[in-house]
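The structure that follows is given in the form of structure tokens.
Each chain gets a letter, A, B, C, D, E and F, in the order it is written, and its residues are counted from 1.
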Amino acid sequence: MMKVEAIIRPERLGATKSALEEKGIHGMTVTEVHGRGEQKGLEFTHRAGKFRVDMLPKVKVEIVVKDHQVDVVVDAICTSARTGEVGDGKIFLIPVEKVIRVRTGEAED
Amino acid sequence: MMKVEAIIRPERLGATKSALEEKGIHGMTVTEVHGRGEQKGLEFTHRAGKFRVDMLPKVKVEIVVKDHQVDVVVDAICTSARTGEVGDGKIFLIPVEKVIRVRTGEAED
Amino acid sequence: MMKVEAIIRPERLGATKSALEEKGIHGMTVTEVHGRGEQKGLEFTHRAGKFRVDMLPKVKVEIVVKDHQVDVVVDAICTSARTGEVGDGKIFLIPVEKVIRVRTGEAED
Amino acid sequence: MAVDAGNTAWVLISAALVFIMTPAVGFFYGGMLGKKNVLSILGQTIIIIGMVTLIWVTVGFTLAFGGNGQDLIGNFDWIMLDKVGIEPLAPYDFTSVPGILFMMFQGMFAIITVALIIGGVAERMKLKALVIFLFVWTLAIYIPVAHWVWGGGWIAQLGALDFAGGTVVHITAGVSVLAAVLVLGKRSTLSNGGVEMAHNIPFVVLGGALLWIGWFGFNGGSALAADGIAANAFVVTMVAGATAAVVWGIVSWLHLGRPGVLGMISGAIAGLVAITPACGYVNVTGAIVIGLGAGVFCYAGILLKKRFDYDDALDVFGVHGVGGTWGAIATGLLATGTLASSSQGLLYGGGFDLLVSQLIAVVVVYAFAFSVTFVILKVMKMVMVVRVTKEEERIGADIIQHGENAYS
Amino acid sequence: MAVDAGNTAWVLISAALVFIMTPAVGFFYGGMLGKKNVLSILGQTIIIIGMVTLIWVTVGFTLAFGGNGQDLIGNFDWIMLDKVGIEPLAPYDFTSVPGILFMMFQGMFAIITVALIIGGVAERMKLKALVIFLFVWTLAIYIPVAHWVWGGGWIAQLGALDFAGGTVVHITAGVSVLAAVLVLGKRSTLSNGGVEMAHNIPFVVLGGALLWIGWFGFNGGSALAADGIAANAFVVTMVAGATAAVVWGIVSWLHLGRPGVLGMISGAIAGLVAITPACGYVNVTGAIVIGLGAGVFCYAGILLKKRFDYDDALDVFGVHGVGGTWGAIATGLLATGTLASSSQGLLYGGGFDLLVSQLIAVVVVYAFAFSVTFVILKVMKMVMVVRVTKEEERIGADIIQHGENAYS
Amino acid sequence: MAVDAGNTAWVLISAALVFIMTPAVGFFYGGMLGKKNVLSILGQTIIIIGMVTLIWVTVGFTLAFGGNGQDLIGNFDWIMLDKVGIEPLAPYDFTSVPGILFMMFQGMFAIITVALIIGGVAERMKLKALVIFLFVWTLAIYIPVAHWVWGGGWIAQLGALDFAGGTVVHITAGVSVLAAVLVLGKRSTLSNGGVEMAHNIPFVVLGGALLWIGWFGFNGGSALAADGIAANAFVVTMVAGATAAVVWGIVSWLHLGRPGVLGMISGAIAGLVAITPACGYVNVTGAIVIGLGAGVFCYAGILLKKRFDYDDALDVFGVHGVGGTWGAIATGLLATGTLASSSQGLLYGGGFDLLVSQLIAVVVVYAFAFSVTFVILKVMKMVMVVRVTKEEERIGADIIQHGENAYS
């Protein structure tokens, strides 16, 4: 199994969920995170001036799938989460040794 | 070492912590997440109607342990976090190459 | 590639970011978490008494880097996030199979 | 009449209480939205306070309250508050409060009415377009209708009753939102079937609680004196709000199996809306009936939205439009004739006279508010960009329009 | 006496200030709970506002304030507010405010008293059971005690003093919570040794601040006139709250090494509770003494809970029970005899008379509130399910009872 | 003069409104800080309410308002409120409100003034040092200046006007912050270039809204009667706040491309500050001018901080110092001579007399507040530890000083 860990823009989460659903991928875990990368932050207004925030709100989507589904998932995310501007995010593929379902205790490798 | 990454119901966190403690497992990191899986969401009330939320609050518990402790941890979580209803969650086992303690800089594989 | 996953004190995040920047490491993802380990919690005041909270606020910093950069990153974090008191945190090294950039779809192993 | 300290004290504090209703609406609405749009609502309430105050002290007050007796609109006698001073102001000097205070008390009503609208059109208009729309709306709709009802215009002459603004405030706002959302269209996030949970229900309750206390000034202060009429208005306000909150809870318990907190506080607001036109004329029994009707009708009013598939984001029509209408009609049914007016409602032996006047006022204001709002926005759409882009909608108004995040 | 505008203005605004105390309690309590139970508290405050208002205007007011001179309970002369109108209402017409306003001002006290209880029994009762309990409690405990003290009942005849409700409001609520938690038992989450941090201390401070401003109407308005007695009540209220906040901070600094913010705002509330019965009778020196005692005794009152191991979730007994008791006794010590009553306290030369009357009133109300609450809940437990399940407790009342999340 | 119910009602409620401004400042400031320092601000407001109340009723009131006619400081005639009772208090008995209420209304001003300071020195002082500093500050700066202006001291004799506290409240607080941050130095987190986002802008707006409603009592209540002057003060307060909010929005739109919500609410506060000294003397036209100036000058005042690189955390000097100064000067320009004083401003035909008096008052109070604050803190630094450590600064005052987390 593989964990597909995608850091994307919060406003693209809805589209990404839909795109995955179309591919039959339903299970996922979402975390609110802050990140920075190539994107050099965003300007915010203060009472009388601007300031730059370098850590921007992102959303981490974690999807654990069988190895053969990885490409489908990655493609779906890339297409749906993309805006083409810097800051679209990254996907990390992390090997998972085993998955256990808490309700039943059954395991899958 | 192995990272045991469990996504469980928030209301089972207390019981899970106790169960792990009984097995002598103390260190852990907890994150508030939202997830979906088999569980088809939950109905919430609105002013005048209901709506379904498909991403439900879950808690992610991460415990990094030596390989031989993994089974104990998984068992403890499965038993303590289980309600038997859909939505109990998943455990992912992820290999960890090395663990470093920030305070001392010492490493453990 | 390797994911360096560091759990550190929130108040050391600023210093850690600076230290990494000095080493040319810019990309990272940060999550607010709660954790416990050797540190036996902290005492808080209530209206008329104290209570102990065993899960303390920590910050998880995730940095995915090429394998040869891992040591630099680990060193930078250890030095900058250290206070020498219990509770400084842990760093976990987790293998990453592939990294994909959402904006372009290009992958790196 | 000379200035009376007791009455002035009450109108002073009532004006302050009505003031707080506008930020309160900001919390009531803002809490119901997602957390990326809450600041935009709060910011709009501040802008409205500023803009409408300036309109009011320059030309608004004189156009609404000047020329008492003229059918359609006031005059410029009091432009820039000329002659409006610290003495009671004829022909409103029955109030025994300083003219400038009478002016400001009425101005607070203009502000809150405009603020009600932003909940309906939320999450889709460009800030600049919204400000222009509300500016024109104040002049073209609020001020004329205020004149008709309170400035001695044709509705006042007709004998229709509206103690504290069922028609002037709630119907104008509610119906205009209906017209506006038809012109503007739905939010794109909504069209995708996205449902957004209220991001902070405690803020909704906070806003609702502040609205409720503000309403005591709104309705009680409309007596313009600290007398028995003010006391009666205060009490029936309390009773109608309380009744409607309970009724809403029961209705949703029956309908959904559970009473939501968001629902019950909305029910309270519905009851407060409905009692507004009636509070100078009905007794506590009347207030219970009005609260009961408000709970049922406004609940149904919100369901209308799904049925007819328009996007009145925070149900300004469902709560204020429907509630204001019910209150205006109920006044024609339940006015006792022994309080602030001798006109009696149908159920109190007054026959159909009052009821018919009430209905005429309601129908004409519906038609007026709807059509003028429709035209304003249609014209605006032709000459400027009125809506934000889909991408901006997704990112949220707080970042896009204000460059701020509510929480960090 | 004819209606006086100045006094009416003050009682109108005081009634509004007491109104806001109920949502304020919601924030004060709700912020102290975890975030999965905050809405349930806020929702309960709305339900209580609705339910108690309806009880009050139908039978409550007449049972509490009717039949002045009857020992134990009022009569039905003013049922459905019959004869309660916009003129002052004999025999309460010394107040020179409209009868209907006097009725509502007193009704606000009933509401807030009932709302105090929910903090003690929080996080364990089924909503339906809670509503039934509070309904019966209002009729069986609040209304009789209000009659005894303010409606010309036996405590009034005895000569015991309770200006704004130390006995009627705070002791009844505090003692009833003690009885209730004994019958209900502890929260299961608590029995597991779980400690829950306050989820939003700023909300606690917000609630506390709104309570404080509301208390000016509660105590000051109880003069039922805008006169020197009202002014004195206002000032001693401020001073007692201020003193107790500081004292609490110092006590916890000595005890814990740090003054908590939760503690200091609770200290302020303790001081406000304690001054309530006394505020029409004591001067500023008395207020400082009362504040000092409140800070110390209520701090100790909270520690009692650990000692005796009952689960009064938000310390309603520790703060309101203990504070109200101290205030009632302190009135017997510190009444100057020169303000709203000529009875002097022990330390002002009045001998033991007043003190003994105060003690009798306190003891009887303790016994009455405790035993009646105990019986009500014991009976309820026999005929219906009163508590939520452990699983529901863990999931939290917001989802279980209301189907809502406070934040998203 | 005998006690008048109408005037007393208004001053009672005004005192309550000024009271709420102190917790309101807590939310206004606390929301602007990071979430690890919000409780410390809220806690400090509670401590200040407690401490200043106790100072005021013991020695503060008599030192500020006693000895009317003495140039520099009052006397001890009313120590422990001796002779201050429920009758009007000579020589302030023109107010027809109970002496004890006059005392408390003035006391509320002392509290809020001290509370303003904490926003400037936020996030760096040890709590114990802060409390000592504010204690001394109240006695050494607030009380003398209040005497000079309102207690019949030399500024009053000079003929300078300060209706509700531009000099006494806003200039003393703003200038003292300037001196304090020079002595204390910058926050270490700031020196590292760290910018902290406001953690809860809705709280800032909530605080701002409560400040605004409080200001109606602050300015309107300063008439000490419910009369035309109070009404005028109320109205110009509204207009100046509204104007400055809009102007700030426009300025930041021009400057930054977007109007921030934090900015607009700050603009409102700036306008309210600036109208404070003037509100008894100027008309609505004057208020618009003052609001306009406030929006521009205070915006610039905040920019000063960057230019001169001092760390006035929440711009107490930029908003209160600059706004108060502008208001004091504007009074010398715009006083009509037809309201609470017959002195006319330069633009209303009064020549330079008033303007010069205003300038003298401003300059002397600047020098006094700055130098005394400077000395107090310099001395404190020599005898005790005044600042927290860098590590404590990073962890945040909530945990370090109070052992609490605001949210969980």
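We take it that contacts are C-beta pairs under 8 Å (C-beta built on N, C-alpha and C of every residue); 3 or more make two chains touch, one makes a residue touch a chain.
Keep in mind the model is a prediction, meaning the values are calculated, not measured.
Hopping across touching chains, the smallest step count from subunit C to subunit F is 1. Taking shared numbers over all numbers used, the subunit D to subunit F interface scores under half, which places it in the different class. Per-chain Cα centroids separate subunit B from subunit F by 51 Å. Our note on geometry: subunit A versus subunit C, Cα centroid distance of 19 Å, whole angstroms. Centre-to-centre separation between subunit B and subunit D, using Cα means, comes to 49 Å. Of all residues in subunit B, those that touch two or more other chains are 31, 44-45, 50, 83, 94-95.
Multi-chain contact residues, meaning those touching two or more other chains, occur in subunit F at positions 4-7, 9-10, 13, 197, 200, 206, 256, 258-260, 262, 402-405. All chain pairs in contact, by the document's touch criterion: A-B, A-C, A-D, A-F, B-C, B-D, B-E, C-E, C-F, D-E, D-F, E-F. Within the complex formed with subunit E, the residues of subunit B that make contact are 11-12, 14, 18, 42-45, 50, 57, 83. Considering their complex, residues 189, 192, 194, 391, 394-396, 399, 402-405 of subunit E touch subunit B.
Of all residues in subunit A, those touching subunit C in their complex are 2, 6-8, 31-38, 55, 58, 60, 74, 77-78, 81-95. Touching subunit F in their complex are the following residues of subunit D: 3-10, 12-13, 15-16, 19-20, 23-24, 26-27, 30, 38-40, 42-43, 46-47, 49-51, 53-54, 57, 80-81, 85-87, 97-98, 100-101, 103-104, 107, 127, 200, 203, 206, 226, 398, 401-408. Within the complex, the subunit E residues that touch subunit F are 4-7, 9-10, 13, 17, 34-35, 197-202, 205-206, 209, 212-213, 216-217, 220, 225-232, 234-235, 238-239, 241-243, 245-246, 249, 256, 258-262, 264-265, 268, 283-285, 288, 339.
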